[in-house]
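Written out below as structure tokens is the structure these notes cover.
Labels for the chains are A, B and C, by order of writing; each one numbers its residues from 1.
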Amino acid sequence: MPDPAVPPRPESSAGQATGDAAVLVENLERTYKGGLKAVDGVNLIVEPGEIYGFLGPNGAGKSTTVRILTTLLRPTGGRALVAGYDVVRQAPEVRRNIGVALQEAALDPLMTGRELLQLQGALHGLRREEARERAAELLERVDLVEAGDRRLQTYSGGMTRRLDLAMALVHRPAVLFLDEPTTGLDPVSRNALWREVRSLNDDGTTVFLTTQYLEEAEQLADRVGIIDRGHIVAEGTPDELKRLVGNPALMVKLIDPAQHDEACRVLAPHGEVSDRSGGGLNVRTPLGARAIAPIVRSLDEARVEVDAVELEEVSLDDVFLAVTGHPAESDEDVRDAQP
Amino acid sequence: MTDVVLEHRAVTQWRVTLALAGRALRIQLRRVQFLLPSFVLPLLLLVVIASGTSAAQELPGFPVQSSYVGFVVSGTIIQGALLVGLMAGIAVADEIEGGFFDRLLSAPINRASIVAGRVLGTMGIGVFQAVLFLLVALAFGADFTGGLPGALAVVALAAICAGAAAALGASIALKTGSLSLLQNLFPIVFVLLFTAPAFLPHDYLNPALQAISDYNPLTYVVEGMRGALFDSPGLGSVPLGFLSAAALLVAMFALAVWAMRARVKT
Amino acid sequence: MSTREMSTRNTRGLAYAGGVGYAMWQRSLLELARVKGGLLPTTIAPIIFLLGITGQFGDLSSLPGFPTDSYINWIIPLSCLQGAGFAGGATGANLARDIERGWFDRLLSSPAPRPLLLLGPVMAAVTRSLVPTTVILAVGLLLGPGLTGGIYGLVMLYLAAVAFSVVASFWGITLALRARTQQVGPAIQNGVFIAVFLSTAYTPLVLLQGWLGTFAEYNPVTYVLQMARQATVSGIEPSWANTWPGLLALAGMILLFGLLALRQLRRIDL
């Protein structure tokens, strides 16, 4: 079924009554005893049919926000509407319209995949026959037919996440919440999950996704909100955010370090030249990849020998640094979080 | 040259053992909520049994006591020692499951020291517990005619028992590595207790239990404690109690060291 | 089916509640069947106490004031109650595990009215409590003089045990919802143990002295024990007079702990 056309995004994110928004969050706050403000004034709107990516490092407030939106936690300030219903005052209606797959795949290890799906069906008001059919349908959809009658204990990490996703879909929710769906997964499982999320979105499901990986946000999200220390510090399409870092950088790796100064002279007209830690040079230019050819030609003419000229990958750390002035996390965290 | 080296090694080992003992003691005291059951439960039993079944004193032939509490407290102390021993085993299992144990193993210390440290630490807790229970009994009207020497003997016996229980607990933990198994062993403590004259004299137990209790080393420890507390060999032989307790400690410690070696090999 | 249609499934009414209840009960049965030796601890400990306490204090029943000559018959209902109580407490401990693991979040974010979610542990308690009660009764009847209260006594014993397991379950649920960690298990079971202990557990009221006697007089479990003891204690005859205090005590405790559990449930998202 084709989607109704996505309504144009309102100018400001706060204060406008967009009754059709899938998710509307206004000045949301969550303060814990002792004064810790996990969520400190979050404003956002997610349109129906969108995939919204909530991006930020550990401890930024992503999971807390999601827990509030999925009625598992009460906010201490502000308000939030999901599928048009207030998460505090109309919680049961919200629950009827959302699917939830949280960080710790919340599944009972003693039950089989099929049994869990049927239980979920019962919780959502499906009659036993319907629940059985739906379970079979979903097992096929997430490719767990053979494992469907085995206990969860025997499932691998990827299989568990897929079942978790299937559980969230039993009642065909309008809005799907995914909290770090691919953290800890191998690349194959990760890609499989991304495909599934895109397919769901094509069918019309709105997806609210949290992640630590800029790559995941890029792959899936229509729009991304970057959250740091409890509030949104930047919002836009993945491309827009990357451009916040400044002009794209080209890395130039020299073969002979003695040619350093000569290279600088040659590269200067092409853009902003700076040294890279660990050797080589960076050239920043709005032309991005299109500047590669002219740069190579210039270097060649000056007989400066280079190992490589490539476009640098922009990481979340870069965006973060650019937007907040501090790195997303320490080097150790980044290493651990790397896909 | 070798003598010096050996002596040095012995000294270091001892120091390491003490350090581990101190650590075991400190950590157990910190997790008060887990230690509480091993103190509260025996005390509760003591108090309830003393009040509830003190009618037992009216049974014909019951040894004359100023207070039933004084009689029962030995059983209570043994119970407490067994429970802290179980807790020590649980702590070791927790360390194994949590990985800290591997860190201990990779340190240049004698394997036996690791076990010895845990046992020694638990003996410290046993001392504290025995003193506490004796004071509670006094508060409830017990009259220990054996005086201070008697009380000290009891505390010593309690410490040795706690050490033996800890060694047994550690053995099980080392052999199985399973925390939940140890938690499920809680009823076994009561089996050991009930098959000894913990709450009534030997002759009042039903015949089946009487027979079993003759083979239970704890029987002689409990009776020895009573003999000491009331300075009355008729209630129990103190030397026999010490012998029994010491034998238990040595046996359990050997078991623990064996279990430790078995674990390290796999 | 479009997204809209499915989202407005019927999640109200008796049929829905029945469906949820049945599904949760099935899950609890699966748990029972699939955990190896799951019921062993709750059954073995009371049997040990049955045999041990009888072995130690058996002679007490010869004292005047005891409504029976058989100490084991005096203790059987106590052990049944203990076993049923531990079974109920265990369902609370399992809930704590579910909460810690995140499974409960899944249930909380479903449209099921939250009080309905407590049906799981409570029904599990009712089912589970039957096992230790039956096993202990069987052991006790084999070793002792046997049933003295006929069918009426037997029914009262089972009723007391099962209802008490519900009380213990609500107690466990309350602690679980508050602590949200598996480590609360021992605390739950200790509570059950103490409640049963500070009563006419080992001695009848007339023989209890001092503070314990006063405490036992006000402890509702004393009256539940009285109700249960109609089964095996010859001196406590099956009659309404011996039954209604126990029923009242059980109703009161179920109400009290049920309300506490519901209150704690309401605070789970604060």
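Please note the rule applied: a contact is a pair of C-beta atoms (placed from the backbone, for glycine too) under 8 Å apart; a residue touches a chain by one contact, two chains touch by 3 or more.
Quantities reported herein were computed from a predicted structural model and do not represent experimental measurements.
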item	value
Pairwise touch network: line, ring, star, complete, or other	line
Most distant chain from chain B by Cα centroid	A
Chain B and chain C: spacing of chain centres that average the CA atoms, whole Å	32
Averaged-CA centre spacing for the pair chain C and chain A, given as whole angstrom	47
Inter-centroid spacing, chain B versus chain A (mean Cα positions, whole Å)	56
Per-residue overlap in chain A, given as positions that touch at least 2 other chains	none
Touch list for chain A against partner chain C, complex	1, 70-74, 83, 92, 95-98, 100, 102-108, 110-111, 115, 118-120, 122-128, 151, 167, 171-174, 203-205
Complex contact set, residues of chain B against chain C	33-34, 37, 40-41, 44-45, 47-49, 51-56, 58-59, 183-184, 186-187, 190-191, 193-195, 198-200, 204-206, 208-209
Interfacial residue positions of chain C with respect to chain A in the complex	1-4, 6-11, 16, 19-20, 22-24, 26-27, 30-31, 34-35, 98, 101-113, 269-270
Chain B-touching residues of chain C, taken from the complex the two chains share	40-41, 44-45, 48-49, 51-60, 62-63, 65, 186-187, 190, 193-194, 197-198, 201-203, 207-213
